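Look at the two complexes coming up: chain A is in both, with chain B in one and chain C in the other.
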Partner chain A sequence: MNQFINKNLYGDYGDKEQATGASGTHSTAGEWPLWEVFIRSKAGLDHKHAGSLHAADAQMAIENARDVYTRRMEGVSIWVVESKNIHASDPYEAASMYEPANDKVYRHPTFYNLPDELKHM
Partner chain B sequence: MNQLLYTLQIADNALIIGHRISEWCGHGPILEQDIAITNTSLDHLGQARSLYQHAADMFNALSAEQKNALFTSTALQNKINKGENIDEDDLAYLRDSWDFRNVLLTEQPNKDWAYTIVRSFFYDAFNFYFYTELQKSKDSVLAAIAEKSLKEVTYHLRWSSEWMIRLGDGTDESKERIQEAVDNRWAYTGEFFEATEADKAMLAEGIGVDLAGIKTKWMERVNAVLEEATLTLPANNWMHSGGKECRHSENLGFVLAEMQFMQRAYPDMEW
Partner chain C sequence: MTVHSFQEHFDAKIDNEVMIEPRDWMPDDYRKTLIRQISQHAHSEIVGMLPEGNWITRAPSLRRKAVLLAKVQDEGGHGLYLYSAAETLGITRDEMYDQLHTGKAKYSSIFNYPTLTWADIGAIGWLVDGAAIMNQVPLCRTSYGPYARAMVRVCKEESFHQRQGFEIMMTLANGTDVQKKMAQDALNRWWWPSIMMFGPNDADSPHTAQSMRWRIKRFTNDELRQKFIDVTVEQARLIGLTVPDPDLKWNEERGHYDFGPINWDEFWNVVKGNGPCNKERLDARKKAWEDGAWVRDAALAHSEKRKARKENKEVKEVKAA
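For the complex of A and B:
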């Protein structure tokens, strides 16, 4: 079935570029590759996905990210990774991947009797 | 008086190159570079604003006689004759080209991305060493502006240097086009280091920067980047001059016509 469906999954850009016209509606030849940008808003926090942009190489991607995503003091550190290097789970498999966890409430730590003295749990 | 003229030299450079670069807004080669170059333009305009505020303060403290002798632009003169204080907007919008003291390089047209990058690179490298030295100025306002601006200028220089290398050491076409831009714009770089009366007086008072001193560093930086970019400087050493003494190319007239239109057509309008 998959071969008839033009999937547009996050992180599939690299595959699309390599595909020779079989999928995708426009040519990406001559365009700069796409990069995903992760920004850490302050020291000690995680890098969070901020968005994506085009750049010719990693150096330019970091500079573009600085100009596009940190103009209002959003960050102290930037990571970039070429989008084609990100592999995503398949939404069509979401049912088998995630739904089995729905009825397994015992996996949540909600069945312990907590002593009254214990606060903030 | 020299201190005021000195401040205007620096401010006019910032305003005119800032305006030139702003012409790219909405026309950048790709969205990301459009944003990058427009950010840079705003940095230059921000520096110009601080410098003009400082210049306006110095101007307002002059005697009536000194005020009348300084500018010959009618629109600004009319305001001065009314006895009103002037501000940074008046200096930007009410002076004609013969009262501007920017170097000729800054008013040269963008032409294409290569010419724009070369102009920025020559200017950013100069600005970097200039502001580095200006931080030591005895004029505490200039020193503070220099310190704040240097962070921005450091990034400008990094950005334009990288583009020099990217285009120079790029494809045959990009190399040819940026080499042409280097050959054409080179003759506008001598003016950076020509000392005007204001330059000399401010250097003597410990307010200004020693242009001969930064010329060596500028040359080293330019050579290092050009070498990496596999580009060469033209053998021709003839240089344009005059901008710092208010003698401009026709290009400045076009810049001002666009930049000042609103204030000239609708005097004192606010928005």
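For the complex of A and C:
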């Protein structure tokens, strides 16, 4: 059972080592490390994941990210993180993971039945 | 969960148009088909830089040169988006390059034709990128998340490619007799290979049904081909060029253009490696890869040296403190 899940949970950002796929183990020796790129499209907005690329170090990753992901003024700031440093949640634990939020509808303003005459609330 | 319920869960997502993401369970064949399709697409973008790169130094004006440079750079970018998307499926970049260089992986056959005149750059932008857009726009809604996101980016950029190509053709078609002839000649040579870009007829495309089921293909080859012909014939008329197909005729009943038979022997021949430039293209890719090996190694060695130096310094500082 566990074996089965492990076999298939490969290939997310930061989990390239798990990404053995159907064809067995992969050698990445000699490949430049993989980096995830996050771009802030304008001041005031969050950095958002844009994609990934290979680079020998962080400086090269930022320069490559500029060329690959911001050729049309898509960004004013770039973050790069080596993919191996990103940890992801397991999609098959999603049900239990987010269950605590699921049954607390009283966290939403629409839960409360208030008179229509009430203004500015 | 059992294998059965994994499959059911996957099928339900596909049916409900929920995207599949990298860590989700997926059938092995879905994964394999996607790796093949996405990497082939990436290879096409990269190899596609070669016929156009051929004209960068010979573009007729500074404006045309700047535009062509930007377009070729975009193609490189598209290849990189797609390689990254394929990597989330568990294949490495080097494995994909290796498949390309050994001929195991294919790329779009259209790039095995030569670019003989400047008008060919116009024809490629107009027809080849035009056909690619027909294919790519529906893929923005494909079922695999990273692929769909890459395609959204690609499509946003592709439209400039087609428009700049059409502008080149329009300028030539409105030019001197010789220029107009050059434009017509380019259309004559690129029309049929562009029509073939959509792949074999549906009857000869055994994977289409499964790919449609998986939503990694949203229209059949013949549907897309017809759509492309219908819009492009009108565009050719607009600039006074003639589509080189004597059987081309508007069919009132179908609401589409009828067109002549496609030379599938030529298509398969080029796919199998016997097109005019197959060898040249692959040799150029291999040479670029091999000649760049020392740069890749040096950059990696440099970053490791810097890392080691930094760690050494930190150890010394700790000792000193």
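The rule we apply is simple: the second predicted complex is superposed on the first by the 84 of 121 C-alpha atoms of A that agree within 3 Å, B and C clash if a C-alpha of one lies under 4 Å from a C-alpha of the other, contacts with A are read in each partner's own complex, and residues count from 1 in each chain.
Note that in this section a contact is a pair of C-beta atoms (placed from the backbone, for glycine too) under 8 Å apart; a residue touches a chain by one contact, two chains touch by 3 or more.
Since we're looking at a predicted model, the values are computed, not measured.
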First (chain B), second (chain C), both or neither touched by A:Leu53: both
Contacts of A:Trp32 with chain B and chain C, given as first, second, both or neither: both
Contact breadth on chain A, by residue count: chain C or chain B: C
Partner chain in contact with A:Asp67 - chain B first, chain C second, else both or neither: both
Touched partner set for A:Asp90, first chain B, second chain C, both or neither: second
Common ground on chain A, meaning residues reached by chain C in one complex and by chain B in the other: 32, 53-54, 56, 60, 67-68, 71
List of chain A residues in touch with chain B within their complex: 32, 53-56, 59-60, 63-64, 67-68, 71
Chain A contact footprint on chain B (complex, rising order): 30-33, 35-36, 39, 158-159, 162, 166
Chain C - residues contacting chain A, complex: 1, 3, 6, 21-26, 28, 31-32, 35, 70, 73-74, 77, 80-81, 84, 87-95, 149-150, 153, 157, 296-297, 299-300, 302-303, 306
Contact footprint of chain C on chain A as seen in their complex: 4, 8-13, 15-16, 19-23, 26-28, 30-32, 34, 51-54, 56-57, 60, 67-68, 71-72, 88, 90-92
